[in-house]
Amino acid sequence: MRESLSPKRLEGSGRWLLKIVAGLLIVFFLGLHFVVNHLVAPGGLLTYADVVAYYQNPVVVVMEIAFLIVVISHSFLGLRSILLDLNPSPAVLRFANIALVVIGTAAVIYGTWLALTIASRG
Amino acid sequence: MTEQPWQVHFKIYRQRSGQKPYIQTLTLAVDPDEYILDAIERIWANHDRTLTYRHACHHSTCGACGMRVNGCEKLACITTIRSVTQNGGNLRIDPLRNFPVVSDLVVDMGDFFLRMNKSGFDSVALSEAACLPYEKPKILMDQAEQVTERLVDCIECGLCISACPAANTDKEYVGPAVLASIQFMYAQNPSQELIDQADHHSGLWRCHSAYECTQVCPSGVDPAWRIMDMRKKVLTDRIKSIFRPRSQEKKNA
Amino acid sequence: MPNQPEANNWPRWFDPRSRSLGTFGFILNRVTALGLTLYLLMHLVALGQLAKGADAYDGFIALVKNPLFKLGELLVIAAGVIHGLNGIRIALNSFGIGVRRQRSTFIALMAVSVLVIAFFAYKMFSEG
Amino acid sequence: MSVTQPSAIIIGAGFTGCALAYDLAQRGFAVTVVERGELASGTSGRTHGLLHSGARYCVTDAEAAVECIQENIILRRIAKQCIEYNGGYFVALDDADLAYAPVFSQGAQACGIPVEEIGVKRALGTEPALNPNILAAYQVPDAAFDPLRLAMAFAASARRYGAKFNTYHDVVGFLRDGNGNICGISAVNRHSAQPVEFQADITVNATGAWAGKVAEIAGIPVPVRPTPGVMVAYEKRVTERVINRLCEPDDGDILLPQRRMAVIGTTSFEVEDADYIPVHPDQVKEMHKRAALLVPALVNIKMRGAYMSARPLIGGMMSGRSLSRTFKCYDHRTIDGVDGLVTVTGGKATTCRVMAEKTADLVCQKLGWQRVCETAQHPLADYHLYYQSTEVAA
C-alpha cells in the first residue's frame, strides 16, 4: 500500500489548536498593547528616552515578552503549515522543523534580552 | 426553440497519453439551452471520433462528467451553454485539475476512489442521514412508516478536489470529498478510526477555508461545512480525552 | 500518485481567476501571513538599534519618518487588521460556528478592515 | 474441451458486459473486456435507474415480469450498496386506470410479484406530494439504483477474479482463424491512438443497442434496433418511493426518486444510430406534463437535466413498445455459421445478471467448460475497488 494512504500526524489537532490559540492571543495582546501604550505613553514611543521610560513598568516588560512568544509561535506554526501545503519530503520537513525551532527560540531569547536590556537602562 | 442557434467557439484540451497537450478549436452552432455534455457528445459523434471524455448518467447522479468549463469546475451534463458563455463566445473545456490526465478530458480517479473506500463511504443511507444535518427534511408522516433509504448526495465527481487550493499543491491531501465522507460516516457511527483518518496533516488541518469545494459541489454536499464540523468533533474529542480517565480511554479505543 | 498537481504550481494559490470569494479570503490570508512574518523579523532586527543606545535609535526613528516608510507601516497595519479579522472568522468556522454565513461574514469583516485601515491612514498622514 | 484456462473477450462494458465479465471470471475464464468509452457510458449509464419489481410488465409481458421480480430480489441482496429499496406505488388517476386495476393485481400475483392494495389515504400519508385525486394505490417492491455504480460493482467483482478492463478501446475488426471463425479482435486504444489485438477462445458482443453495428464489422446481421426514450430530472426529490401510473406501459408513466432529484420517464421511438441522439424539446414538454399528473408540485420545480437513453430492443416485424423486452443470446455458429462469436442483447438493467448467467452458460457449453454460475449467491465487491485494480494490473 502506498504510504500516502496511511495517515501521518505531522500536523494534528494539537499543533493546529496551538496556532489558533496563539492567533487569538495575538489579537488579545495587540488590543492590550494599544491600551497600555495609550495609558503609559500617550504621546507614542518616538524617542529612545520614551521607550526606556515605557519599559520601566514591569507589566509592560512581561506583556511585551509574552506578545513576542505568541507572535513567534503563531507565525512559525503558520510557516510550517504553508510548507506542509507544498508536500515537503521528510528530509526537508525535518530540516524545516529544526530551523524553525532554532530561529524561533533564538528570536524569543533575543527579544527577551532586548526587553530586559532596555528595562535595565532606566 | 424559438431562439436562433448560437455560434460558440469550443476550445478543448486535447492530450494523447504521453504526448504534449494542445487546444483544439471548433466552432459549432448550438442551442443555448443544450447541455455541454450533449455538445461534447455531438462533437465526438459528428466531428472528431478521437475525443475522449468520461460520462455515464447524463443527469448528475453518477459524477463521471466533471470537467472545467471556462476555468470553473462543472458537471457537463447539467450545465447549459447559456449559463457559461454567450452567442459568439468561447467555451474552454479542460480536464479536472489535481488528477492525473489519462487522455483529453479523461482523468484517473483511482486513488480518489480508494480513499473514499477507505473512509467506508456508503452510497446508500437512511433518508434522515443522507441529507445535510442542517436541512433535515420535515418528517411528513408517522415515523414508523418513514424508514426509507437514500442514495446519498456525494456522487464522487471530484470537482471539489479539482477546485481546492490545498489539493493544488499537496498531493497527499485527502481532499474535501473524502473528509466530507469521513464526517458523514462519523455522524452515523462515531469511531476512533475515523477520527484518526481525519486528524493528521494531510487531513482536516490542510484545509485553508477557501470554501471552493462547497462553491463547485454540484449536489449540495457542502464539503467545507462537513470539514469544519469534523474539526469541531475532533477538537472536542481530543479535549475531552485529556480529562477522560485512562480506563475509559481503553474502553473507547 | 494520489492528487496529481503539476510540479511547483504554488503560484496558483494566488490566481483568483474563475474562483469564488472564498479564494480571495485564502489569498489575502496567505499574502498577509507571509508579509507579516517578514515584517516581524525585520522589526526584531530594527529594534536592535535600541540596544545600541539613544543616538542609534533616534536616528533610526528619523529615518522611518519619511513617507515611504510610513506607507510601509500602513501596509503592515492593513495586513495585521485583515489577517486578524479573517483569522477570527476562520477560527470560529473551525469550531463549527458560522460556517454557513462565512461569505457574508467575510464581506462584513473586510468592510470593517477597510474602515479601520482608512482610520489609521488618516491618523498617520494627517499628523504629518 | 480444454484443461487450460479458457479465455473470453467481452465487447461492451455496460451492465451486461460487466455482469458477464464477473460471471465468466468467476467460472474461471481469463476475461478481457473491451469498451469504447467509459464504463456504462452508453445505454446503461443513462437508464432511468429503476430496479423493476416486474409489475410494470405483469399484464403485457409476463415473461419479462417474472424475470424482473426474480432478479429484483437477487440484486437487492448482492448489490445493496447501490440500491435504495423504498418500494413503489402504482396509482390510478382516472376511471380507465381503475378498470385496469383488477387485471394488474391478478397479473402481478400470477407473476409472483408481492403486490398490496393500500388505501388512498395511506398512500397520500406516506407520499404527500402525490396527486391528491388518485383513485387507488398499490404497493410493489420497486427500487431505485445508481446506474454507474451498479456497473462498477459488477466490474470490481470481475476484477477480483482477474478480469481485465480495457476502456476507451474502439473495436475495429475481428481476427479470424484458418476456418473463418472468430478468434479475437483488433482494436484501437483511444488514449494513445495505438492499435492493439486481443485473442480469445470466444468473443461476446455485449454492446446492447450497438450490437448490430458491432456484428456488422464481422459481416453478421443482428436485428437490434436502438429505441431511445427521454428522461427528465428535477431539482427536488418529491417522493421517497417510485411512483408508477397504474396503466399499460405508456410514455411518462414512471417517476423515480434519485438522490436529491426526481426523474420521470420515458418515451419510445426508433433511431438508426444511437451514437448521438438529440434531446427533443417536445418530448421533454410531454414528460413535464405527465410528471405533473403524478405529482402536481413538479410544475413549479426547476428542471435539472434531460437525457436520452437508447434501449436495445430486439427487432422483428413489430415496432416500439409491443416488443418483448426479454433479452436474446445468439450463437453465431448456429445462425450464421461463424464460430467464436456470441451476441447478447435486449433485456433491461434489472435483468442484467440473469442475461449474463444465460450467456455464460452458453459460452461454457460451447467450450465444454463445466462450471456453474454463482453470481446470485455472493454480494458484489465494493464499487470503489473497480479503480483500485487498475493499479494492481498496471
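Going by the order they are written in, the chains are A, B, C and D; count residues from 1 in each one.
Methods note: a residue touches a chain if its C-beta (ideal position, glycine included) is under 8 Å from a C-beta of that chain, and two chains touch if they have at least 3 such contacts.
Computed from a predicted model, the values in this text were never measured in an experiment.
Among the remaining chains, D is positioned farthest from chain A, on the basis of C-alpha centroids.
A comparison of C-alpha centroids places B closest to the centre of the full protein. Centre-to-centre separation of chain B and chain C, using mean CA positions: 32 Å.
Chain A and chain C have Cα centroids lying 16 Å from one another. Each chain gets one centre point, the mean of its Cα atoms, and the points for chain A and chain B are 38 Å apart.
Averaged C-alpha coordinates put the centre of chain B at 26 Å from the centre of chain D.
Residue positions 2, 10, 30, 94 of chain C each touch two or more of the other chains. For chain D, the set of residues that touch two or more other chains is empty. In chain B, the residues touching two or more other chains are 108, 111, 114-115, 169-173, 208, 231, 235.
The chain pairs satisfying the stated touch condition come to A-B, A-C, B-C, B-D. Across the complex, chain B is touched by residues 1-5, 9-10, 12-13, 17-23, 25-26, 29-30, 89-90, 93-96, 99-100, 102-103 of chain C.
Across the complex, chain C is touched by residues 2, 4-5, 20, 23-24, 26-27, 30, 46-49, 51, 71-72, 75, 78-79, 82, 85-86, 107, 110-111, 114, 117-118 of chain A.
Put simply, chain B touches chain C in their complex at residues 70-72, 97-100, 108, 111-112, 115, 134, 161, 163, 165, 167-175, 208-212, 214-215, 222, 224-225, 228-229, 231-232, 235. Every residue of chain B that touches chain A in the complex is listed here, in rising order: 111, 114-115, 118, 166, 169-173, 196-197, 199-206, 208, 231, 234-235, 238.
Listed in rising order, the residues of chain A touching chain B in the complex are 4-5, 7-17, 81, 84-87.
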